[in-house]
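Next come the structures, one after another.
Both complexes below contain chain A, partnered by chain B and then by chain C.
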Partner chain A sequence: MSTEVAQTPSAPAPPRAAPTKPAKDFDRPRFLKVYLWLFFAVLFVPIVLVILFSFNSSRSLQNFEGFSLRWYETFFESESLRDSLIASIEIALVTMVIATVLGTLLAYGLVRTRTRWSNAANILMLIPLVTPEIVAGASALLLFTQIGLELSITTIILAHITFSISYVTVVVRARLAALGREVEAAAMDLGATRWQTFRLVTLPALWPAVLAAGLLVFALSFDDFVLSFFTTGESPQPLPVRIWTQIRFGVRPTINAIGTFMLVISVLSIGLALLLPRLFGRKESGLKVLLGREGT
Partner chain B sequence: MNENRFASTFLIPGGLWLLALFVVPVLLVLGLSFGHTDDLGEAIYGFEFTNYERVFDPDLIPVLLRSVGFALATVVICLLIGYPVAYYIAIYGGRWKNVLLALVVLPFFVNYLIRTYAWIAMLGDDGLVNGLFDTSIRFINTPYAVIGGLVYGFLAFMILPVFASLDNMDRSLIEAGKDLYGGPWQTFRHVTLPHSYQGILAGAVLVFLPAVGDFVSASLLGGPEDVMIGNLIQQQFQASDNWPFGAALTIVMMAFLLIWMSLYLRSAAREAREQEA
Partner chain C sequence: MSENGAGSAIRFEGVTKRFGEAVAVDDLNLEIERGEFFSLLGPSGCGKTTTLRMVGGFEQPSQGRIFLEGEPVETVPPYERNVNTVFQSYALFEHLSIEDNVAFGLKRRKVEKDEIRRRVAEALELVELHERGDARPRELSGGQKQRVALARALVNRPSVLLLDEPLGALDLQLRKQMQVELKGIQREVGITFLYVTHDQEEALAMSDRIAVMDAGVIKQCGTPEDIYEHPVGPFVAGFIGVSNLLPGVCENGSIRLAEGILCDAQVPDDCAAGSDVQLSVRPEKIAIDDEIESGMVTVEGTVVERVYVGTSTQIIVELAPGMRLMALEQNWVRARSDDRWEIGNRVKLGWRPEHALVLR
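This part shows the complex of A and B:
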């Protein structure tokens, strides 16, 4: 309709054909829709192939010759790969708990104060988000060797926490900012101390965001390669470091099984994070919470 | 206790952690970049500029330029591929908006190494595509493969901020453009596009930063001619074991990225202020 108008600007504008029609049907370009599906196809094809070939009964990565679980068996029968899986989960869990606590406290401090210190803390919090991981990895490695800390799971956890705090803060801060202070003010009027207000009023309202942030950190830590690569000890090494070594030796079907397994864990934790607000019976979009865009 | 004092104490644990495990290590790297290695390869702090002279040695200039070039190409391609996607989801997504966005985000939670590996399995010399069509086209070990890997790795960082800027736009502006006899293209160019500049800028920064420091894509998808600065840094801290030189490379990269970082920090700080206001 609008093209018609544009082509004949001298003609009187025709009356709106269907003002009751929803705006989304208003000259929606067909090619954009085709493009979108093409885009998703290209985006997902490699991942689907990894999943498919993890169930291949032969070594081939070109022909799917039949369904089998042999690559999963290879994965779980290898003691060192099992140790790596356990190490990865342990690292992600500890990182999740500590980074979530630190990041939530930091978010509260940043939203509720207006001092020189909070400005400095704000910048300090944002910089890790834009620091290339290799810088983070190299500097963490240098610190650990300088203070004589032996490289192990512990050093990986320390490095992961440092770079997870900011994600938590961004997510929780958006929720806090959207919350408003009226309820807190009411609690204080009713005689609650500041600490009681934080614990009994603010924190419960923050729960969905805090948990979502925690799950996000779990997924990021579980998947992280660069930081782990720089700060890992001899063994056990986390799964992504093992994958790196295997890929460098050439393409192997076991990688498909490891990759698929990791994918399931990541998708479960992110999916749970996306559904969290629903589970708490709230209406806000889980995606917005996760992206720190609540209230916008 | 007043609110400022009370809430300020909440800044202490996280602030101290970031000081000790982020600021101090970066300062150590800065210090070591002026040092050297002794005969045993042990890193010694000092005050000399030999590492920096090595970084700007004519031999290494191509590596630095290549890193910037690859990263810029990644930004442009991500914008070209990602903008229509963000546009469609923001303007026409309707009630599917969140589902479509989740579909965009989902692949980025598949391990980066696995995603890179998937491309090797597909496009490698004896990979799926060459097997399927019985050809022997060389896709892997080319600069295009490296850039492709970077695009596939960081595309979401472009789509999300562009989507956010378009989603915030007042839709009646588009209607107004059309009422004023603007064709779809004119309306897009004069109304919609300017509204997404902020998102494009944020996306450009968010893609450029990880792309320029990446070493995974060049290691796995590139040939020996496609080395980036990230590969050099990684080698210094691991195989070659020349930490002071690696530190100098890191500092040069950081200094260069500071311009981009400050752009991003400014807009992030502005957004945070608006959110709280």
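This part shows the complex of A and C:
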């Protein structure tokens, strides 16, 4: 090829047999696109199937035979399932409120007090995020039975709060660190007391992060199984535990309806977490707030 | 005390600030007069920001006393001090509009609503942002944010305005423009400005007086002319403007530089013969070849470098190995510096004896 070009240096390059691809394609191999869609398919097809079969009119989990809402009716007509749903929502709501308040205070303390233990404290903070839930669940169960606390919704909430605080702290701490100290100094410089500074400057700046973290905690708590399983009492059991109990006696299509319903609640709370900062007039998306990348 | 007898705006009496072992500010004694534009100038870590923060109330002195308009303030928290700060990062409240940012201080003092509105409008007018009152800080440019920070502080009519490198984040053009504006605003409102900067040009351009700080100590305090023309030591001479510092030895009435070059200079009376000194000559005071007038001290050397910088050309001349002087050639006739003083040429340099400072 090179010899041919050398012989006719001024002539236009001879047409190639195959049409040349645009140059920009060489750093975007097509197989990556295929791979991406394959990944999404593996990820979402089972979920889509669950949603589809939740509307199936027959008991079959293989053939879709027509649209019906009968499994949703069974779900809501079953008193024990309804109790479980209410229990799950109650657990998630209480966990959200308490974990958000405690986690925010903890974040404030971690960012605003600097001692030689700060680094250690910051790392310790992350441990609940990586502890296997089995360990957390087993140790919570051990603790509750040792101190003679009867297993109930309260014990589930206590266990959920414990692991949720870390999520809140991590999210809020990132926002606080990005806020910088000068903004608070400026408020005090302008005559605001410490409390006024927190209420009028720090808290408004933190709101999006606090809300996003709270909704994240709601979603995590709502569909948590392992911790709930270890710490639940006899009745009412939270929905995920309840489903597991039911599956032991055979898979029924009601599962699909419950699953779809839980999915909707989780997606809604996460979606809200992503949207809320925008509703508060922040440019940054909730995703950035959650990942602590606000302002970058 | 000041000339009009009104007393000083800020007075430091033996103020020392330690952070653990490190001494950030060392036995500072300083008096800043009312209505003065006073700059603390020095390299980073010299203690200038710590000094400012002590006035603002964000740091407590380890020792010594600070008086604001005659009143001691060590025990007064920041929110009760009659000073306001313009922070380097502006520190605007992102969730509030520009108007609410500016009104923040007045609201905390429970000023009447009508008066707040009037004073906020006035302050925004002063910084030429009266049309952006409803905007959020993030919608403004860096220079505009800077002005909001200024208006937010000035609207409270503090007895002293503290400015912590307020122009540091702006680009060069804007910085030059803001320097002129800041000085104009200060003259208009008549409030004492305590200005912290590491930029000597900025300090020279705006200040009534400058204190040059290094390692927690004030090396020299005076008017910009004082500090530029009569630096008291090698640090100030080197930090303010470009200085040629040549090591030498004192000999009755003149300085003997290395390699035996003898220079006339105004040797201070208390400078004993034989003591080591440094001779400082500003580049713009050095005449080259035929510009040399009678009565000037002259030396000879070889041109080793020529740097064209637009308005002038820097000509670096080596008198002896390791002994270099920089002279400036104004480019008002462009061709001149082109043809003359090629690298390697021998040239004569000269300066008036009174322009050569003997520093110890």
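To be clear about the criterion, the second predicted complex is superposed on the first by the 256 of 296 C-alpha atoms of A that agree within 3 Å, B and C clash if a C-alpha of one lies under 4 Å from a C-alpha of the other, contacts with A are read in each partner's own complex, and residues count from 1 in each chain.
Note that contacts are C-beta pairs under 8 Å (C-beta built on N, C-alpha and C of every residue); 3 or more make two chains touch, one makes a residue touch a chain.
Nothing here was measured: the structure is a model prediction, and the numbers come from that model.
Student: Clash or fit: how do chain B and chain C relate after the overlay on chain A?
Tutor: fit
Student: After lining up the shared chain so the two structures overlap, which partner does A:247 touch, if you call chain B first and chain C second: first, second, both or neither?
Tutor: first
Student: A:122 in the overlay: touching chain B, chain C, both, or neither? Say first, second, both or neither.
Tutor: first
Student: Would you check which partner chain A:204 touches, where first means chain B only, second means chain C only, and both and neither mean what they say?
Tutor: Once the two structures are laid over each other on A, A:204 reaches chain C alone.
Student: Tell me which partner touches more residues of chain A in the superposed arrangement, chain B or chain C.
Tutor: More residues of chain A are touched by B.
Student: Give one of first, second, both or neither to describe whether A:189 is in contact with chain B, with chain C, with both, or with none.
Tutor: After superposition on chain A, A:189 lies in contact with chain C alone.
Student: Should A:169 be classified as contacting the first partner (chain B), the second (chain C), both, or neither?
Tutor: first
Student: Touching A:138, do we find chain B (first), chain C (second), both, or neither?
Tutor: After superposing on A, A:138 lies in contact with chain B but is clear of chain C.
Student: By the touch definition at the top of the document, which applies to A:180: first (chain B), second (chain C), both, or neither?
Tutor: In the superposition, A:180 contacts chain C only.
Student: Looking at chain B versus chain C in the superposed three-chain picture, what is their shortest Cα distance in Å?
Tutor: The answer for the closest chain B-chain C C-alpha pair is 9 Å.
Student: In their shared complex, at which residues does chain A touch chain B?
Tutor: That would be residues 2-3, 5-6, 9, 13, 22-24, 27-29, 32-33, 35-36, 39-40, 43-47, 49-50, 53, 61-63, 101-103, 105-106, 108-115, 117-118, 121-128, 130-136, 138-143, 146, 158-159, 161-162, 165, 169, 173-174, 177-178, 194-195, 219, 223, 225-226, 230, 240, 243-244, 247-248, 251, 255-256, 258-259, 262-263, 266-267, 270, 274, 285-287, 291, 293, 295-296 of chain A.
Student: Which chain C residues qualify as touching chain A in the complex?
Tutor: Residues 56-58, 77-80, 83-85, 87-89, 91-95, 104-105, 108-109, 136, 138, 152-153, 156 of chain C touch chain A in their complex.
Student: Quick check: in the complex, which residue numbers of chain A touch chain C?
Tutor: Chain A reaches chain C through residues 180, 182-183, 185-193, 196, 200-201, 204-205, 281, 283.
Student: For the complex, which residues does chain B have touching chain A?
Tutor: Contact set of chain B toward chain A: 1, 3-4, 6-15, 17-19, 21-26, 28-29, 32, 81, 84-85, 87-89, 91-92, 94, 98, 100-107, 109-122, 124, 126-128, 131-132, 152, 155, 160, 164, 168, 171, 175, 178-179, 181-184, 186-187, 205-206, 209-210, 212-216, 219-220, 230, 233-234, 237, 243, 246-247, 250, 253-254, 257, 260-261, 264-265, 268-269, 272, 275-276.
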